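These are the structures, in C-alpha cells.
Next come two complexes built around subunit A: one with subunit B, the other with subunit C.
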Partner chain A sequence: MAAKSIISRPVYGTLSPQPGKHHLFVADAEGAVAIIEMAKNVPAGFFGGAEIVFIPGPDGKHVGALEALKPAQFHLAASFASLLPRLKQTLTNAHMGLRLYLSGTEGLIGQAMQVALEAGIDHTSMQTEHRGSLARRMQCVHCKGITENVTTQPATCAHCGLLLLVRDHYSRRLAAFQGVCINAEDRSEIPPMEEIFR
Partner chain B sequence: MGITFRKETFRDDFTFRNSPEHIRRFPFPFHEDSYMYAVNIEPHVVGPKGSVLENLIDVDEHYVAEMQDRALVLAEDPLRCQSLPHMTLAGWDLLELLMEQQALGYPEHFTLTRDGDRWRWINRPLGIDDTFTFGDTSTLPYGPMEYITRQSQGDFCILDQRDGNLWMDAGMVTTQADWSLDFDIGMNFFEWHAPVPLAHEKGIFIRALKFLTNIQQGKPARRLNWTMTINPRLDTSPENYHKWGPDRSTVTPENVGDKVHLRVELQSFWRLPRSNGIVFPIRCYLIKMDELVTQPKWARRLHRVIRDLPEELATYKGLTRYRPTLVEWLSKLDDGSPTSPGFGPD
Partner chain C sequence: MSTGTTKLDVVVSNVVPVNELVTRFHFRRRDGELLPTFSGGAHVVVEMRDGDRTRLNPYSLMGSPLDTREYTISVRRDDVGRGGSLFMHRSVKPGLEMVISYPVNLFSLDLRARKHLMLAGGIGITPFMAQTSQLAGSGGNFELHYTCRTASLGTYADVLQQRYDRRVRLYHDDLDERIELDRLLSSQPLGTHLYVCGPAGMINWVRDRAAALGWPAETVHFEHFAAPQPGAPFDVTLAVTGKTIRVGSQQSLLEAIEAAGVDPPYLCRGGVCGQCETNVVSHDGKFIHNDHWLSEEDHRSGCKIMPCVSRFEGKSLVLER
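Showing the complex of A and B:
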C-alpha cells in the first residue's frame, strides 16, 4: 500500500463482488491475485457474467488460475496498448450496470480508468486494488511527454531529458503523476537519484 | 477621459511599470503585520472610486500589454486554454458577463449592443468590432470562452457544479502562479488544491467549497491571494518553470527593489445563469519593491509579514532562495513603528 499522501493521489481498495449481472475485470501481473482472492467470496455463477482481461507480467504467472475461474470471456493481452481498442469497444457497448474491477500496477489501473472515464463511467463506481510494482506513470509538465514505469526520485523525462521531481499530484484524465523540473532554479544542483517506487 | 494604456512587456526586457496612480490603487493584501491562511471571502461589491474595486471587472493601464502577452503564450502553448465538451454553454455565460461588465465600467473603450441574439461587440483598445450570433460558436473566430478571455485581464477558470463539488472543467490560464490547467483540468475542488500545504488540515477547503457552491446569481464574492515573482513576469507557469526558475537565483541586495515583485491575485466568484457553473477570474496585479515601498506603511508591514512567514508557506510560495536578501533590504525601511489597521496606504 502507498503511504499517506495528498488528496489528489489515488487511494486503492480491495476488490469485492458488486451486485449486478455484468462484470469486467482488467488486471495485469500480480493484479490477478486480487481477482483470485476475491473469487473465494463470490456468489455461485458470478463469473458466468464476467469478462476477465489480463496482461501477464514478465514471469507469465496466473494465467491458468484465472482461466480456472471460468469467466464467460477470457482475453490475454500482450500490453495495455494492444488491449486499448478492444477495451474501448467493450466499454462503449456496455449496458448500464456493468461493474468494473481494476487490479494490478498503478499504471494499469490509471490507464484503464482513463478509458472508462471517457466512456462515461464515474470513477467512484470502479473497484480498484493495487498489486505489484509501485512504478509510476509520469507526465512531464514541461514537454507533456509521458514516461512509463518511473521507479526513481527524481526521474529523467524520457522525452525532453529534464530531471523531474515526481510529485504525488495525480490526474485521472491523464492517468499520470506530475513531474516538475527539480533543479530549475539552479541546473548545477543535481540531487541524488533514489529508487523509491519499486 | 479614458485609460492611457502603457506600452510595456512582461518578458525579455521587462518594461512593465505602475504609474503613481496605479501604485496607490494596488490591492495590498495584508490587513495586519502577519499572514496565515483564512477563508477570507467577502461579497464582491463595488468599492471606492480610484480603487481596483471601482468596477467589478477591473480594466487598467496594463490591459493592452497583458492581452499581447497572453497572445504570445497561447501561440507557444495552446493547451493553456482548454474547455471540456460540456462547458460551451458556460463559455457563453462568461462572454456575456465580461462584455456586460467591461462595457458598463468603461463605455469609452467597450460597447455592447444587442438585437435579440445578434450582438455587436466593439473593443476599441484592441481594435475589434465583431458582430455575431449569441449561442452560435461558428459566428466567432474562437470558442466563446477563448474569444472573450483573449480580451479580458486575468486568468479564468470555469467550474462545473455537480455531486456537491466544483470541477475545473474549462479555463484560460496564462498568468498563473505555478499551477497547470492542462494537468488539473477535470479535477474537483479538493483535488486541484491537493498540493497546497497546511490549508487542508485547517478545514479551509471544506468551508470554502460550502461557500462557493452556495453562491447566487448576481451576488459574486471575492478574496485576495498573494505570492512573489522575480521580474514582472505574468507567465510563471509550471510549463515554463525551467525557463523562469533561474530568475530566483539572480536577486542581490542591489537589485531587490527592481527585481522582486509582490504578486496579488484578486479572485472573484460568479454564478453563471444558464449553465449554473461558477466562473472564477484570477486577476493578477504586480508591483515591484521600489514602487511598493513608496508607501511607508506597506514597506513596514511587508517586512514583518515576510520575516515571520511560516517556513512551509515560504517554501510553497517559492521564496526560500531570496527571502533573507529581501528581508534584509526591507528591514532598513522598518523603523518598528506601528502600522495603521486595514489594507490601504496612509
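Showing the complex of A and C:
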C-alpha cells in the first residue's frame, strides 16, 4: 500500500462492485487477486456484464482463477502497449453506466487511468486497488523522457542520463512521477542509490 | 460577508407575462453600469419589500451569460405559497427600484464533460435557458429534455426549439408523453454529465435511476430550491444571543432570526447551499426538515436544522445562534 504524502501522490482504495450494467476490469499480475477478492461480494450475475483485460506477471499466475469468474469477455495481453488499442476501442464505444476497475501496479493503474480520463471518465469515478510492485513510471522533467519500472532513489534517466530525485509529485495527465536532477549544482556529487520502490 | 449577500441596486426595466402562470422580470443597474459576470445555472436572491415585511427568494438567472447589460428571471405564480411570487406578479412594475444579491452558482456546468444531458421539469427550465446560451456560444454539446404540463404552460419551449431545433425534446403531461428515462440514460456516450432541475419528485426519480444505471454521483447535478413552507407558528430560543423569538406561520425560521436582529450566514435561502446550517442545542418536539443539504442521518439526529426552509412543531427549540 502506497503511503500518503503530498496531495498529488495518488492513493488507491479497495475494489468494490458499483451499480451499473457494464464493468471493465484492467489488471496486471497481483492485481488479479484484488478482482478475485472483490468477486466474493458481488451481486448474482455481476460478471455476466463484465470484461476483464489481464496482463499476467512473469510467473503467469491467476489466469485460471480469473477465467473461473466467467466474465462475459476475458482477454490476456502481453503488455500495456498491446492492450492499449483494445482499451481505447472499448472506451470509445462505451456508454454511461460502464464502470472501470483498475488493479495491480501503479504503472498499470496510472496508464489505464490516463486513457480513461481522455475518454471522459473522472478519476474519482474509477475504482482502483494497488497490488504488487511499487516500481514507478517516472518522467524526467529535464528531457521529458519516461523511464519505466524505476525502483531506486535516486534514479538514472534512461534518456538523458541525469541522476534524478524521484518525487511523490505525480501527473495524472502523463501517468508518471516527476524526476528532478538531484545534483544540478555539482554533478560530481553522487548520493548513494537505494532500492526503495520494490 | 459572502458574495451571495453582497447587494446590487437595480431597477426593473421590463415585466413580460410569458403565460398564465409565469412572468419574466428584467433588471438593470441603477448606475447604468454592466452587471457582474455570471455562469449558466447561477441564481440571485431578490429582496421583496412588501410593506413592513421583507422576503428574500432565490431565482435562477435565465438570460445569456454573454450579455450582462441586464439580468432576467422568470417567476411562476404560486397561489398557495408564502406570497413571494404573488408579490412579484402583482406589485413589481417597470421602474421599481429593487435590491438583489450578487449571482451565486450552485448548479454550474462541468465543462470537462463531453456532452451535457439536461432534464427540466416545469419552471425548472430557467437555469437551462442560461446554460444552453452559454454552451451554444462555445459550440458545446448538449441535449435538453423538457417536461411540461401542457403546451401552453411549456414556458420558453417555443424559444428553445427555435434556437436549438432537435437538441430540444418536449414532453407534455396532458398528451401522456413520458420521458423514456432508462433508455435515455443508458444510451449516453461516456463522459456525459447529467443536469436535472424541476419538482423534487422528478429530481429524486432521475437521481435514483442514474445511480442504479451506473452513473457516478459526480456526473449527476441537480438543483431544487425548496420554497420555505408556511406552517404553524413556533417559538425558538437563540442560545448565543439570548433572544426568544416567534416564527410566524408565513415566515421562515431564517427570516424570523433576521427580524430579531441576528445575522446568520446564508446564500441560497432554498435549502441547497448549506450556509445557514444551524446547530440545535436542545429540542422537545418534531422537526419538519425541507432541505436538500443535510443527510438523512443529520435529519434523524435532531442536532441540525436549515432555518431557511425547515420548521419545528413542539414545546421548545433552542438553537446555537
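Simple rule for what comes next: the second predicted complex is superposed on the first by the 198 of 198 C-alpha atoms of A that agree within 3 Å, B and C clash if a C-alpha of one lies under 4 Å from a C-alpha of the other, contacts with A are read in each partner's own complex, and residues count from 1 in each chain.
Everything that follows uses one rule, which is that a contact is a pair of C-beta atoms (placed from the backbone, for glycine too) under 8 Å apart; a residue touches a chain by one contact, two chains touch by 3 or more.
Only a predicted model underlies this, so the values are computations on that prediction, with no experimental measurement involved.
Trainee: A:E185 contacts which: subunit B (first), subunit C (second), both, neither?
Mentor: A:E185 contacts subunit B only, not subunit C.
Trainee: Per the contact definition in the header, classify A:R9: touching subunit B only (first), subunit C only (second), both, or neither.
Mentor: After superposing on A, A:R9 lies in contact with subunit B but is clear of subunit C.
Trainee: A:N41 in the overlay: touching subunit B, subunit C, both, or neither? Say first, second, both or neither.
Mentor: neither
Trainee: Just to be sure I read the superposition right, which of the two partners does A:Q139 touch: subunit B = first, subunit C = second, or both, or neither?
Mentor: The answer is first: A:Q139 touches subunit B but not subunit C.
Trainee: Quick one: subunit B or subunit C, who's touching more of subunit A?
Mentor: B
Trainee: Does the superposition put A:M96 against subunit B (first), subunit C (second), both, or neither?
Mentor: second
Trainee: For A:K21, is the partner it touches subunit B (first), subunit C (second), both, or none of the two (neither)?
Mentor: second
Trainee: Applying the document's definition of touch, where does A:R173 land relative to subunit B and subunit C: first, second, both, or neither?
Mentor: first
Trainee: Can you list the residues of subunit A that touch subunit B in one structure and subunit C in the other?
Mentor: The answer is that subunit A has no such residue.
Trainee: Show which residues of subunit A lie in contact with subunit B when the two form their complex.
Mentor: Counting only subunit A, the residues touching subunit B are 6-9, 139, 141-142, 144, 162, 167-169, 171-174, 178, 180-181, 184-187.
Trainee: Which of the residues in subunit A come into contact with subunit C in the complex?
Mentor: 18-22, 91, 94-99, 119-122, 124-125
Trainee: In the complex, go through subunit C and note every residue touching subunit A.
Mentor: Residues 112-114, 185-192, 194, 211-216, 218-219 of subunit C touch subunit A in their complex.
Trainee: Across the complex, what residues on subunit B touch subunit A?
Mentor: 79, 180, 182-187, 190-195, 200, 238-242, 245-246, 248-249, 321
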